[in-house]
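By letter and in written order, the chains are A, B, C and D; residue numbering begins at 1 in each of them.
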Amino acid sequence: MDFNHSEDRRMLADTLRRFLAERYSLDTRHRISASERGYSPEIWGELAALGVPAALLGEPLGGFGGSGFDLMVVFEALGRALVVEPFLGLAMVGRLLADGAGRADLASGLLDGTQIAAVALYEPGARYDLTNVTTRAERSATGGWTLSGGKAVVPQLESATRIVVSARVDTGLALFIVPRDADGVSIKGYPLVDGGRGGELVLQAVQLPADTRIACGDDALGTIEAAVAAGIVALGAEAVGILDVIKDSTLDYLRTRVQFGVPIGKFQALQHRMATVAIEIEQARSAVINAAAALDDDRLARERAVSAAKVTLGRVGTLVAEESIQLHGGIGMTWELPLPHFAKRLIMIGHQLGDEDHHLERYVRLGRG
Amino acid sequence: MDFNHSEDRRMLADTLRRFLAERYSLDTRHRISASERGYSPEIWGELAALGVPAALLGEPLGGFGGSGFDLMVVFEALGRALVVEPFLGLAMVGRLLADGAGRADLASGLLDGTQIAAVALYEPGARYDLTNVTTRAERSATGGWTLSGGKAVVPQLESATRIVVSARVDTGLALFIVPRDADGVSIKGYPLVDGGRGGELVLQAVQLPADTRIACGDDALGTIEAAVAAGIVALGAEAVGILDVIKDSTLDYLRTRVQFGVPIGKFQALQHRMATVAIEIEQARSAVINAAAALDDDRLARERAVSAAKVTLGRVGTLVAEESIQLHGGIGMTWELPLPHFAKRLIMIGHQLGDEDHHLERYVRLGRG
Amino acid sequence: MNVDFTAEDIAFRDEVRAFLRERLPKALSEKVRTGKHLTKEDMVGWHAILESRRWLASHWPEEWGGPGWSVVQRYIFDVEIALAHAPRIVPFGVNMLGPVLLKYGSDEQKKRWLPRILDGSDWWCQGYSEPGAGSDLANLKTQALRDGDHYVVNGQKTWTTLGKYADMIFCLVRTDPSAKKQKGISFLLIDMKTPGIEVRPIVLLDGDAEVSEVFFTDVRVPVENLVGDENLGWTYAKYLLTYERTNIAGVGASMAALDQLKEIARSEQKDGKPLAEDPQFAARLARVEIELENMKTTSLRVLAAAAHGGAPGAESSMLKIRGTEIRQEISSLARRALGPYAQPFISQALDEGFTGEAIGADYAAPIASQYFNQRKLSIFGGSNEIQREIITKTILEL
Amino acid sequence: MNVDFTAEDIAFRDEVRAFLRERLPKALSEKVRTGKHLTKEDMVGWHAILESRRWLASHWPEEWGGPGWSVVQRYIFDVEIALAHAPRIVPFGVNMLGPVLLKYGSDEQKKRWLPRILDGSDWWCQGYSEPGAGSDLANLKTQALRDGDHYVVNGQKTWTTLGKYADMIFCLVRTDPSAKKQKGISFLLIDMKTPGIEVRPIVLLDGDAEVSEVFFTDVRVPVENLVGDENLGWTYAKYLLTYERTNIAGVGASMAALDQLKEIARSEQKDGKPLAEDPQFAARLARVEIELENMKTTSLRVLAAAAHGGAPGAESSMLKIRGTEIRQEISSLARRALGPYAQPFISQALDEGFTGEAIGADYAAPIASQYFNQRKLSIFGGSNEIQREIITKTILEL
């Protein structure tokens, strides 16, 4: 047992954190967030050159990482800088393609950043249910597939060049890779409250070649679960990075803001609440470590660990976001301060890949299964 | 709208509080609690002479009270003195007999304290479900009834001379008055963790005359609900009395206990927690007022109000019991101090007539109904 | 004890409802219901409608234009206008300055300013907080030094809600720089058009700018604009705050928000059933509903007890804390209810005349930003921590 | 990073399990499992069994009789003995005094006292708290004045757990009455048979008397029983407390309690189904299980980080707070799970040899009283409020 990251991972994390500290100030982030594309192709390219995609993808796909702890170091750093670049799809697509044995070709361009992947699994009205899929894929006359349907709130959809989509086939679920520029693909993009961008995907009789189907049947659901698990580890690590920044900046504020003649951090009622915040953050970190460690375990252990992590992050994220704003007072509500942007992202992570309630229920169900 | 009790009720409350302050010290209470009968016939008689039973029973039964606010003033005073005398049965039986039109004879002896009523509605394994009744009543050859079955954790069962029992008949539920000394009635009494006494009731082919059945069918369930509602108002008011005592004694302790050179009540972290305690107690008081006010409303309004009160008291009772012990530190754990006895009773009220979870679920169901 | 409304109360409630049915513009209540931004005209117009019935200043005595209502009637009125999705009455003139002038203002001041609040001539804003005086309000630094018939005001106020619309500002200023803290503070009325005043918007975390900073540079204010005695302004300030707190508690607002939350929970689907039937969500919703039911009675108890004295005292701190907790919990549940669709946020969608397509359900657009915006409830009007300090000293006597 | 147990760890765990299967008396584990009161003989006997394998003092270095385990092995051991319902190791000698003597004791003291802890010759108890020195431990008043080769001790200690069984007590005493607070305190070992010592039981809210007051009247203690330097006892006291806190956190105890809670939840019926399937109860149970899963990793992280230094520092305060919260939540859920049957309490039913009939399910008897008894967890070993103070100063640096 060893709670230190390997040296390779520590080096990657250091490099990434240095790069982001230099190049990805909050002002830069706001500018990128407000831009039409919602990400910076320049920064994206540079991060690819630093090897970040390679760290998120496993060897079969040409990367050198992709394990839970690889995701953890990368996304913790991304969280600390509140990065809006389209990494989540990359973290998940690693697992989606990994099971499509021998389909490394589909990963081409992901490593050097020339291709960007989005993952579109949830549908309007389906909430967080991955099996509630009405998008249909029918065999076309040419032996390919015709996809019709729609997907809801797909993160970073507009930036994607390839979209992994779940669809219903006669034998159950299947997964397809849909090129952004295929006929019949339309995207309605919009800003998200946390500064990222998302979109609704509409597929109208989109014609795809046969080999775009990367999984089907029970396999497809298994692959989807594995990808969501990887996504939760990524989001969880991002949340941990954010939690640490929030804690530090709130402590700074408590040390410097003077009211009633003393720094407000001298007020015991606030101290004791910050102690709770600190404890909760350590518990959240442990939850993410558990999930990262379980990412390559058998399904039940993995799914219980990721659901436990999402439950923990949901509860802790809300607590810490709300407490940090409250402890800052009015200034904590202003756009000017970094804090509320971190808080907004933290809350919104709770709405991605299943919320606290969804995963609590799921954790209970898995325990019975 | 008027949030003051009527003058009659205020006078009764004053009389009762003065009597209990003089005659029902905590030492006396401990002595009575440890006695074999679990109540004091002497005190009981004197309280009857003061008119307490009359305040708990309505005019059809020869009393002059029985409304929600009558129960409220009496049980608040009983709570403040942590009284273990068998009043709960009296508060409930008022509603059970009230519907048995013209059966005031069954209430004889209750007013002067010569008869004591217990109410036995819950069964082993049925938890808080009033309809999960396996006790059976069969018509006997003589036109009377034969009762067989058992009832669980009946409060103050040993002191009772008459026991109201729910039983299943061919047409549904029915209610019977069972004399304590009838053949086939056996009682296994025991101490409760809060200092009261309770017992398991076993009925083995108990023969009862026809007129001991006081309600049946839908009426019986309605009567049971009304009686439980009255019981919840009584327990709720008792809890409010206890909450006030706990708050006052905890504040006293905070003002007098010196650590680090100052009264610990000067520590802000404790102050802010006590502010929460104070707010919660006011909310609990409001919940009981709402329930008392709704006691003679239509069923839905009444049941929603009493379930809301029980949910509130469950949550607030646990919080205040735990916080008050914690704020007292070690001394709050000692038998010698009054506080923990109040705290124990408060927690155990949560286990009577349906707990917080039971009533929360019920409140949701009633909202849909 | 009798907690039921009397027949007269019920009749009054029906009267209020009939008035709202007739006079509250549908387009306006629709804007409120759907969480759209209100314009100044929306708010001023609504004040005028209320004043046409003499119902704007529900807390004022009849001789100054109030309706002469009982505590219970005022409560009913507040609840009904909230449930009807009427705009919130802008509190600064009517509910904050009004009571102060009525109690501490000179006859001349009352005659001059009160009618202008009622007829909409003056939009008031509040000049209390400063960058260095938030929770520690008495630490304020804005100075007003006497110069002949004027005070010369220098300094900065902040968190001034809707300051951008204001004609007048009531300010706490330091008139005796040598006196300590609460002493040496005065309560001054300042015309926003006076030279030397600058208003700068503060952008909040949801991108909105409902609050402002107000800067004062050698602003000359006639001495007749001093309310009460010089250096005794702290007393008036505290009196005003009890009104503000009671107002923020917002039982009516919570009732309206709870109605909306229930509608959302019935409409959102989870596993093929309405979210309202999900045991976890239903339990959480029931808990906040129960708390609100309790809160209604607690509010009425506090208001009834204070009916003789006028304004509630420290108990208003209890109402403020629990009232804002309830409102925040409701907005948090609404956010959770939306699931993935809590994320999209097109801020223009909340403006009048937006013609774009809604993302997700039609009620979704403002929910997440309202959740974030309502974090302010536990901060302003004296943070909930400050309310706990008041409870500690005044009610707990620790 | 690698959070899995290694093959060696797994082998070690199996070894511990095999040992427990063989050597832990069934009657004893049954008593623990069913919440019965343990006798002194039960505890002493269990110590002897562990010591027969040299497993009693798992934190001690090998040269003094410890097994030489890694942090992970000690963790595994603690968890396994809890899961097997072995009696808790009485901590005062082995886990509290032991580390202090090992770090600060003289060679002579180590040689004299450590073996007697291991072989059971001395049952130790703790003399820290006083009536006026609870949270404010440094306010202690018990005096030890030098008189030739002896200290003469006068004063009173309280909350001395299992003091009634003790042969020896380690005490914090004031050796320099003129020094302030933490200064002037010394760490003294006192034979309980010395004339002038009186032990009086304190009855707790559940009727039990596991703690005592200890009175000292002119008690003469040889100077060689002073640990470390005179007036520097506070340093040793704090060192001991980090061990005590880590011990109280009790991950293993919570795991065992959670297992029992799940069993109860499967056995209790609600609406014709096991309580474990009730959505509200299942959610609450899942939440505490998740917290415990997180806590396991947090504990291991803290222990691993401290492995070089020996004892964990301020992080042990985090473990103590969250660990006790988890244990209390489990005991609270167990109480709730029983429904009406949480009420009966026949205290004799927890004693050995009770032959009466059980009320309700066979596991019900101790549950409610355990719930009340476990309120102590957040009070003793430094109240959770004191732990927050430590976190504030040491970790948050506020």
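By our rule, contacts are C-beta pairs under 8 Å (C-beta built on N, C-alpha and C of every residue); 3 or more make two chains touch, one makes a residue touch a chain.
Keep in mind that this is a model prediction, so the values were computed, not measured.
Asker: Among the chains, which is located farthest from subunit C on the basis of C-alpha centroids?
Answerer: Using the mean of the C-alpha atoms as each chain's centre, the farthest one from subunit C is D.
Asker: Tally the contacting C-beta pairs at the C-D interface and at the B-D interface, and name the larger one.
Answerer: Of C-D and B-D, more C-beta pairs in contact link B-D.
Asker: What's the distance between the Cα centroids of subunit C and subunit D, rounded to whole Å?
Answerer: Computed value for the inter-centroid distance: 53 Å.
Asker: Indicate the whole-number Å distance between the mean C-alpha point of subunit A and the mean C-alpha point of subunit C.
Answerer: 39
Asker: Which positions in subunit B touch two or more other chains at once?
Answerer: Residues 267-269, 271-272, 360-361.
Asker: Which residues does subunit D have that touch at least 2 chains other than itself?
Answerer: 279-280, 283, 385, 388
Asker: Considering the complex alone, what residue numbers of subunit B touch subunit A?
Answerer: So the residues of subunit B touching subunit A come out as 267-269, 271-272.
Asker: Can you list the subunit D residues touching subunit C in their complex?
Answerer: Touch residues, subunit D against subunit C: 279-280, 283.
Asker: If you look only at subunit A, which of its residues touch subunit C in the complex?
Answerer: 122, 124-125, 127-129, 132, 152-153, 188, 190-194, 198, 200, 258-260, 264, 267, 269-270, 318, 322, 325-326, 329-330, 332-336, 340-341, 343-344, 347-348, 351-352, 355, 357, 360-361
Asker: Looking at the complex, which residues from subunit C come into contact with subunit A?
Answerer: Residues 129, 132, 134-136, 139, 158-159, 202-207, 211, 268-272, 278, 280-281, 332, 335-336, 338-346, 357, 359-360, 368-369, 371-372, 375-376, 378-380, 383-385, 388.
Asker: What residues on subunit C touch subunit B, complex-wise?
Answerer: Listed in rising order, the residues of subunit C that touch subunit B are 1-6, 9, 72, 277, 279, 282-283, 286-287, 289-291, 293-298, 300-301, 304-305, 318, 321-322, 385, 387-389, 391-392, 395-398.
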